[in-house]
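Just below is one structure, and these are the notes that go with it.
As written, the chain order gives the labels A, B, C and D, with residue 1 at the start of each chain.
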């Protein structure tokens, strides 16, 4: 019933507005005795932060995480882990034109209607700045389930798709280019597309694919906490996400059972993996893979007609420093939420057999 | 933390195996004083039940719901509503061949690995029989939010798609044919396809589209309980679902911001609705619509090679009475879960403004 | 957020009115692979049931539990365990005089005010009949943590107190008399007192003490799920309970620190146990013991002036078959809830160390 | 399932160790549009803070709360409210002697056993410093339910009891003396007792009584979230609490039904109030009152024999600046938790009738 919480046994609760004093969160249920590499946490945050390359927003935010509790002498103590990221680059004047104006396809209107008021500075709570909190928690979760490899990457930008199946890809290439597509040739085309779009003052969508490998068999609860349903909910929580599919996904809806069934090998693995590593909501030990659709960022550098809170027509001009395509910066966010979901089920699974 | 529970303020908790004594559930948090039309509940169950037409499984199960508590003199009392559906048609011999054999792309293997044992009769807890419980709860939820219209329908079967946009469709046609596609001509082709597939002893997938109209503005919690994320999780909980998209969905990932943004009318409605009725996780009063992908049913009437629980290779022959395409019977399930999600947020929203 | 649920990892959700068709519940999170002794479950129910002796209500209810799911071939399967107890002895006419009349110190008035209506038959949901559900769940929990010994007993009835400390008592005597006081001489006096009170058409209160032994060190979460706080909440959930104290309890409030501190032995045990087996909300391996106060049953066999739902004065005459003292039948209820709390923390504790 | 969370619709999640960088929390579910008096929040914190009078610990901690989110232009926005209290007076050397030594009747031993390690500085997470977080959240809750009056006070210190019933007491006297007993004469005797105990290097226990007035009828959920059970759990969460009773409490266990029943007036109020304002777990509009027992503080200024983490015997000398009696500083904590419980049920109750 906590609206700002994610997870069950491993639970993240967050706070923070885009232009408030700080954002942050509390990670509850993290087991005691885990040695934490704080540098690795900051490194994940740096993958998400603005200003890291030419194809993302040029805002400069250091996004330095401070841990306030729960880690002592380099180890988790089993108590709740509080953390905070100060907002240092709050150019509120960038947003002053939004005080009263509803930006199209943003959350301004719905927040005002739901709550009767809103913090209009930079989107307030609806800003994707919140996802920095998720990256912090996900980075800790990754360290808890270090035996599981989680790799997300940009699989399409507009109509440029990475055609190779993920099995033929070297994930170590993902961080070697600004768009985070592990296929260098495709990455180049994606980057060119994003630059072109930015020049036009427009934005574009794309997709991220995520693969989790070495997942133990048995994660997931089979009725209302199916592994893939929790992953789907997690991904649909990311700003701008419009769709989620795993395994065969929407293509599976066009197939026959005789084509789609994954036949077993003698060791319990399967010859194909259209199931995407999950059967009946429970991991089967095969690779878990899924794809997430991101719409184009709503803030464009063009004039748009809109209304204000009095219902008067007005024009909104694109200002501020925004991402022409959200996908590259969303890659670490997808990984972080995947880690949180898997770590939660990993803990839960310790309690399911007598 | 309840693995068999769905929802927050309005909470459904369920039990039951396919071939046990009964399935059932408890609906908690339903407000007092709502007059319940029990006939309408049974009618929803009848839409889901086996044997209702020639293109679904020919198993005969009456699926009669008995309410055990929480309704008195025709009204809800505010206490928990217990209900039960007895399993009357338990032909366990149909399944005896599965005792030890893992059916491909079923949950037999993962249950065994997770729990160390399983109720192998008819899939046990992993059977889609569980969804009858959801239909009961959803039928009550529909009565709580009777002002919202929820209409799901079959939008594709294999590669046969209903091409018309839902705005041009008369939903009252949905129940007029066996496949539950509101476009009569498309429905006919879908039915022919399913009959052909059944004859071949095979199965096929498809998609369901769902539209919720007259949704009040303000439903949904904006960070981890986004309206569309909860809908996505709900849909991904249905057996055989592989994907979920809302509004522009995966197509949105190929669009530009200048095309995708929904510009406002003076009354706060929008000229287009690529957002799918949700902005920032909160309903904006426009139609909510989403699409759900179902893989082909894993049980086919053909021989398949597989393994048993000792890792020995064996052959499994298709037996029992199964659906060649799960989509027509899933239509009321999609509606039921949609109603549960919306009703939960409807209650929650009563607490969000002072 | 489920109002009719108890517990976290091991969760009981219940339904049922006193005079409805059935009461029952769902036990969620019970680990797979536990061999269940169904006879032992029924035996616990029999300890609670009406009509078992001359000093309890003479209503006859067989209270037979039926398990509907989650147990297969004598073992738990890890899926939710549904169960039901049919209401067979629904003498609604006994209660017809209450339709409109508010019984003093009952929940009639508060239910009506809260919900706008109520199931007036026999107290409906507010009846202590609900506790039969708890005994079922507790009996399963006892089998999960069979290494822990839980013994409750009647420690006072009105002003008759069992003076001996529990350490000097043989718990095997508890079931040897109708009042469930393990000291035979005190038991006799208590029984005489209850008979005298019944004859006067009156009721009396009393206390139950509960001792849990062989509790592993480390159960309990130290901030908001302290072991003793959960036990306290559990006990205060039992109908008629007015107080809870553990360890030194209210006496501890009159002591000095130098008297109250429990000094350690070399093995980590303590020389005294005023702490009651819990330090900082976490079990320390010593005996957990606590005391629960029950008020006299509100239904007395005497005329009382009261009001009806229109605010008119009226007289209510004691009718029906009620307990002159609730304490003897509450002993198995106290044990059941204690088992549920400890089993929940036992499961939880599997996740707290890496 | 969050171990560091309290409440349901209004949920507080906390973090922080006694000698870490900061303590703090997140308040989730607070409705939008409530004007917040920040000065009133700080004033509550000041009532709890150390060094405020001669009979409490002489540690000096300013305990200044900083709100980080969720309040904008003086009003709540409906988003999560993050707050922080920096630890400014971290004299860790005061505690260096405890690194390895288990203080009797503290949580050192149980934390070490449960988690395998602990933050030994000043009790770490087990320190009552955590309760400052609760006072912040409770102060906000008080403003949400400003129509309800909540007054706690010291009702006994060791064997000095305030004999007058609370009805005869002027609560405005509570803050007029250091011990927070609203009866001036009794207060004086209590203060003298505490001074005497402190001089002896010892500590003493006591009780707090709390009264909530103008509580609307209908708060509380009748089975597992009974109003008094949640209050009891809340109180038992406070460090050093050993018992809780409401209404007639343990005295009620010695009474007859004919004496104990509260007869109705025509307006639904009752002539007596042994029920303590709660019937069937639901508030009935009468005063809610309860009593909480605190044991003597475990840290005494005397030598005690104990063991270290290797099981070796050692002596611990009382050092640091501690409270001789925890009761006066606990008064605002009792009020804060009461406000949180009532505010949570107040929100919840908006959803219980159609």
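Heads up, the rule we're going with is that contacts are C-beta pairs under 8 Å (C-beta built on N, C-alpha and C of every residue); 3 or more make two chains touch, one makes a residue touch a chain.
Keep in mind that what you see is a predicted model, and the values were worked out from it rather than measured.
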Chains touching both subunit A and subunit D, listed by label: B, C
Chain pair with more C-beta contacts, B-C versus C-D: C-D
Maximum centroid distance from subunit C, chain identifier (CA atoms): A
Rounded Å distance, subunit A centre to subunit C centre (Cα mean): 46
Between subunit D and subunit C, distance of the C-alpha-averaged centres to the nearest whole Å: 26
Subunit B-subunit C separation of Cα centroids, rounded to whole Å: 39
Multi-partner residues of subunit D (at least 2 other chains): 1, 3-5, 8-9, 14, 29, 32-33, 78-80, 114-116, 125, 222-223, 352-353
Sites on subunit D touched by subunit B in the complex: 1, 9, 29, 31-34, 76, 78-80, 144, 222-223, 347-348, 350-354
Residues of subunit A defined as touching subunit D within the complex: 1-5, 8-9, 11, 13-17, 20-26, 28-29, 32-33, 66, 68-70, 72-73, 75, 77-82, 84, 114-119, 124-125
Of all residues in subunit C, those that touch subunit D in their complex: 1, 3-6, 8-9, 14, 102, 104-107, 109-111, 113-116, 125-126, 130, 156, 158-159, 197, 202-207, 217-218, 221-226, 228-230, 232-234, 236-237, 242-250, 252-268, 270, 274-276, 279-285, 293-300, 302, 304-307, 311-313, 349, 352-353
